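Just below sit the structures, each encoded as structure tokens.
In the two complexes that follow, subunit A is the common piece, with subunit B as its partner first and subunit C second.
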Partner chain A sequence: MQARGRCWKFGDNIPTDMIVRTDMIFKPWPEILKHVLETCNPEFPANVKPGDIVVTGKHFGQSSGRAIAAKAMKQTKIGCIVAEGFARTFYRNGFEIGLPILECPGITEHVSDGDVLSVDVESGKIVNETTGYELQAKPTPPFLLDMLKAGGLIPMAERLAGERS
Partner chain B sequence: MGKTFAEKALARAAGLSEVSPGEIVDAYPDLYMSHMASWRCIRTMEKLGTDKLYDVDRIAMVMDHISPAQTAKTADDQRMCREFAQKKGIKKFYDVNAGIAHIVLSEAGHIRPGMVIIGTDSHTTIYGSLGALGTGVGFSELTAAWATGKLWMKVPLSVKVVIEGPLARGVSSKDVMLKLIGDLTADGATYCSVEFHGSYTEGLSISDRMTLCNLAMELGAKNGFVRPDEVTRSYLTGRGVKPGDYSEIHPDADAAYAKTVTIDGRRLTPQIACPHAVDNVKPIEQVAGTKVNQVFIGSCANAKWEDLVEAAAILKGHKIASGVRLLVSPASKEIVERTVRDGTYSIFLEAGALITNPGCSACAGDGGVMADGEVTLSTANRNFQGRMGSYQAEIYLGSPAVAAATAIRGVITDPREFMERK
Partner chain C sequence: MNMIEKILARASGRKAVAPDDVVVANVDCLLLHDLSGYLTGRVFEKEVRRPMRYPERVVMIFDHHFCPPSEEGALVLQENRAFARRHGINLFDCGNGNTHHVAVRNGFIRPGTVVVGSDSHTPIHGTVGCFATGLGNDSHAGTVMPFGKAWFKVPETIQVRLTGTHRPGVTPRDAALWLTGQIGEGGAIYKSLEFSGPYIEQLDFWDRWLFPHIVVDLGAKCGYIEPDEKTLAFVRTVTDKPFDAVRGDADRKFEATWEWDFSALEPQVTCPPTVGNVKQVDEVIGAPIQWAELGGHGGGRIEDFRLAARILKGRRVHRDARFNLVPSSRAVFTQAVREGLVELLHEAGATWFPPSTGSNQAYNMGAMTANEAMISTHARNFPGRNGNPNAKMYLASALTVAASAVAGKIADPRQFLKEF
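And now, the complex of A and B:
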């Protein structure tokens, strides 16, 4: 699992309420996607490209554990999220829905918004191609990597169920 | 080396003799709670192509967050849950009249010391008030537990919070937690188990323990915990749960904590969380006088019977300020009944409050939203931008006593002003 793209850099403690606004939760996806993270950076929903990399400060996805926040991030087709740290419900939800996420303390010091990054999700190796700086994310437990590769918890359960029958 | 509460509870749920922080285990939770999202779990079951439930008696479903339904879609979702519960024989099913899941399940005696409980709600941490390990998960994960009975869990580090009491008059468990969240910040205990210790917690009411453990979530915690004692046992006995029906878990005296934090409750004053973050906390003197348009007394943090009585004691004999709306949403049907019987309900009506049906109400954006530029003082647990309607509105958080005093004056008011006069 490789990701390469433009870095979108965000701050600390971003709540799920700001990833997907409360009044957007029951709207159709195209409508939700026009507003993802818009209060943090209005350019993001308008210009995010498939494969781009979101870099955030600590405690990303705090507040409500609503999975739609992680799903909305996945729907933008970003390559992965690299954070100083995640709120625990967002961390679980990320793997549950198959959104590649990595924790990398120190990341925000070494990347700027607009840099080009490449990330190897499995090994956790992150390269800032703009500056040449390399970082190593915290390792992801193997069973969570399996879940990611399967596309999330439910696809993995379906696959396991298929193998049994 | 001794073990913390979370280490012992997860070892038990995983069937292991002992576990250590950082270890990932397959835990078999004792209860799976789902609310409005239950219909998503049912749909996910269909996708999984299985119909088999691991243990129907571990499933609890409460139709909160939106109650009653506001759209045909929600009505349809709720019908799906109702029919599923009936077809599968889910006995712990509570419909739209019951109230907020956390409070309803506690009152019904389903939450017991030593249990591990997962719920499709971040404030599932509240079950630590009854000595259980409660933690929030996504609905797909909950569905997986319906089918397989188990879920991966990382054994958390534990944080020990020592609260010394008693608190001064006009100061409550809400103020303790706001102070703690302000000091430690919103990620002060991310992924940790927060244990509450100290003289304040000894003999503390279950209602106040609920406020402590509920708000532990706003520190980023995995779960909260107050040691079960006579108060816990007597609460449970009152709910038809006998001591033989559960097995308490207590942390060892020499357990290892990632950090220990002490709060001197005796010197604490009322605290307010200011817009737009729960950790933006100031002593009330710094924000007193801020004009409000709405006061909301509700949520799983602070709409229990004790909270309503605390607010009513200040409101009694007063009218709310002209032009201010006071919204009161009791946490459960049982609490409504009790306030009707003891006259608390009438005090709110006479003061000019709008009392809604029991449920999550304005805290979940289910009615009671604000227009651009408006301000609400709320007893809930979150004040993020856009949580109660407009993004151009502001939410301040405080205790039920602060809410009552604020409703009377129309500006954020220190409740001790009313207490000293009496």
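And now, the complex of A and C:
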């Protein structure tokens, strides 16, 4: 699982309410996507491109546990999210819906908006191609990598519940 | 093992579990509300397409709406009712109260059980002696509804030992807000927090409730208070069903012990834009507010209305402020009627709203313009939850909320209390 794209950088403690505003959650995806993270950076929903990489500070995705915030990030077709850290519900939802995410303390010091990053999701190796700087993300537990490879929780649910070997 | 480890071991058929183990555990109760219940229902019917294994364990509570103000809202509720009927799950329709209060008061939450929910404040049920945590839609739809199970990583546990007695004018909510500022947003990521100590022991059930309430915004997976005689006596008032309460071993180990004393605490106000921005009331006195509200997961308790009545007795809500009162359950409203609080607060100019979660996320009430501010007992103040993202939300005790409603701006409640 590889991702390569331009970096969009965000701050610490961004709540799900700022990823998808609460008055948006029943709107159709095209409408939601026009506003994803717009309170943090109005350029993001307008200009995010498939494969781009979102880099955030600590505790990304706090507040609501609704998977819609993670799903909206996946719908933008970004390659992955690399964060200093995630809120646990966002972290769990990311793997459950098949969105590649990595925790990499120190990442925000070494990347800037617009840098080109390449990320190996499995090994956690991150290269800032613009500066040449390399970082190593925290290892992802094998159980969660399996879930990501399966495409999320639902495709592996029977196996997980012990109802299919 | 501690309480959480014992519950997870029992629910996953193991003799013992330790931090970092990944277990698949049986789930005793799944709580859904009208917003994420709808989203979960769609995943279950469109992507999972299996029967509901244990419909009696699933509870849907409409609390963000009490009477939909738009066709969009009405359609969401219509779909939710049809979903509940199709699958035979428990449904509490508009007007019953806040999701967590309704679940507890109807006996769905029993000590020693595993409780999950689509609301991120589900860890609040650690007050009852449960392992309770918030999961996402896909866990609920993908494994809880079809198989009655969910996966969990066993968390490390931190002991939060609390002592001290409050000064007059300071309440357990001030202590909980202050603690949020001390530990900080994301200050306990993935941890389990055991609240204990003489301070916790002397609190009644609904004041203890305010502590597991905060853990999600600290980043924790769960929080709990070991069930004692007070807990068990409370639970027996809401259910006849049997339960098997669990307490940790006396020699249980903690990753850390954090200790605080509340003896010198002043009234606290959480300021925009996030829950970690907690200040002493004297730093924000005079900040303008147009709205004040008692309600939400931690608010709308009978205790909150009693505190507000202490401030409002013989006074009126300021002409430039509006004071919303939102009971957390029908039982609380009945009690408020019996105690004369409904009339007293109504005559003082406050407005009673139906039992619900009130202005939490502004689905049925509580939208603000960019220029408006509210002070409330709600759990959160993040931008984007109450209308314009520039609207301000302050969080405080019922005393401070009521005092601010009287002053038309943020006020120290002690100026209105007779003993000062």
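Throughout what follows, the second predicted complex is superposed on the first by the 157 of 165 C-alpha atoms of A that agree within 3 Å, B and C clash if a C-alpha of one lies under 4 Å from a C-alpha of the other, contacts with A are read in each partner's own complex, and residues count from 1 in each chain.
The rule is short, and it goes like this: a contact is a pair of C-beta atoms (placed from the backbone, for glycine too) under 8 Å apart; a residue touches a chain by one contact, two chains touch by 3 or more.
Treat the numbers as computed from the prediction; the structure is a model and nothing was measured.
Look at subunit A after the overlay: subunit B and subunit C clash there. In the overlay built on the shared chain, the residue A:Leu135 is in contact with neither subunit B nor subunit C. By the touch criterion defined above, A:Ile154 lies against subunit B and subunit C together after alignment on the C-alpha atoms of chain A.
Once chain A of one complex is fitted onto chain A of the other, the partner contacts of A:Phe143 extend to both subunit B and subunit C. Once the two complexes are overlaid on the shared chain, A:Arg88 sits against subunit B and subunit C alike. In the overlay built on the shared chain, the residue A:Ser64 is in contact with subunit B and with subunit C.
Look at A:Asp17: by the touch rule set out above, it reaches both subunit B and subunit C. Across the superposed pair, subunit B and subunit C both touch subunit A at residues 12-13, 15, 17-18, 21-23, 26, 39, 58-59, 62-65, 67, 70, 85, 87-89, 92-93, 96-97, 141, 143, 152-154, 157-158, 161. Contact residues of subunit C toward subunit A in the complex are 22, 24, 35-36, 38-39, 43, 47-48, 72, 76, 118-120, 122, 134-139, 141-143, 146-147, 149, 151, 153, 185-186, 189-190, 216-217, 219-221, 274, 276, 361-363, 380, 382-385, 387, 389. Residues of subunit A that touch subunit B in their complex: 12-13, 15, 17-18, 21-23, 26, 39, 58-59, 62-65, 67, 70, 85, 87-89, 92-93, 96-97, 141, 143, 152-154, 157-158, 161. Subunit A contributes residues 12-13, 15, 17-18, 21-23, 25-26, 39, 58-59, 62-68, 70, 85, 87-89, 92-93, 96-97, 141, 143, 152-154, 157-158, 160-163 to its touches with subunit C in the complex. Subunit B makes touch with subunit A in their complex at residues 24, 44, 47-50, 73, 120-122, 136-141, 143-144, 147-148, 152, 185-187, 190-191, 220, 222, 277, 279, 365, 382, 384-387, 389, 391.
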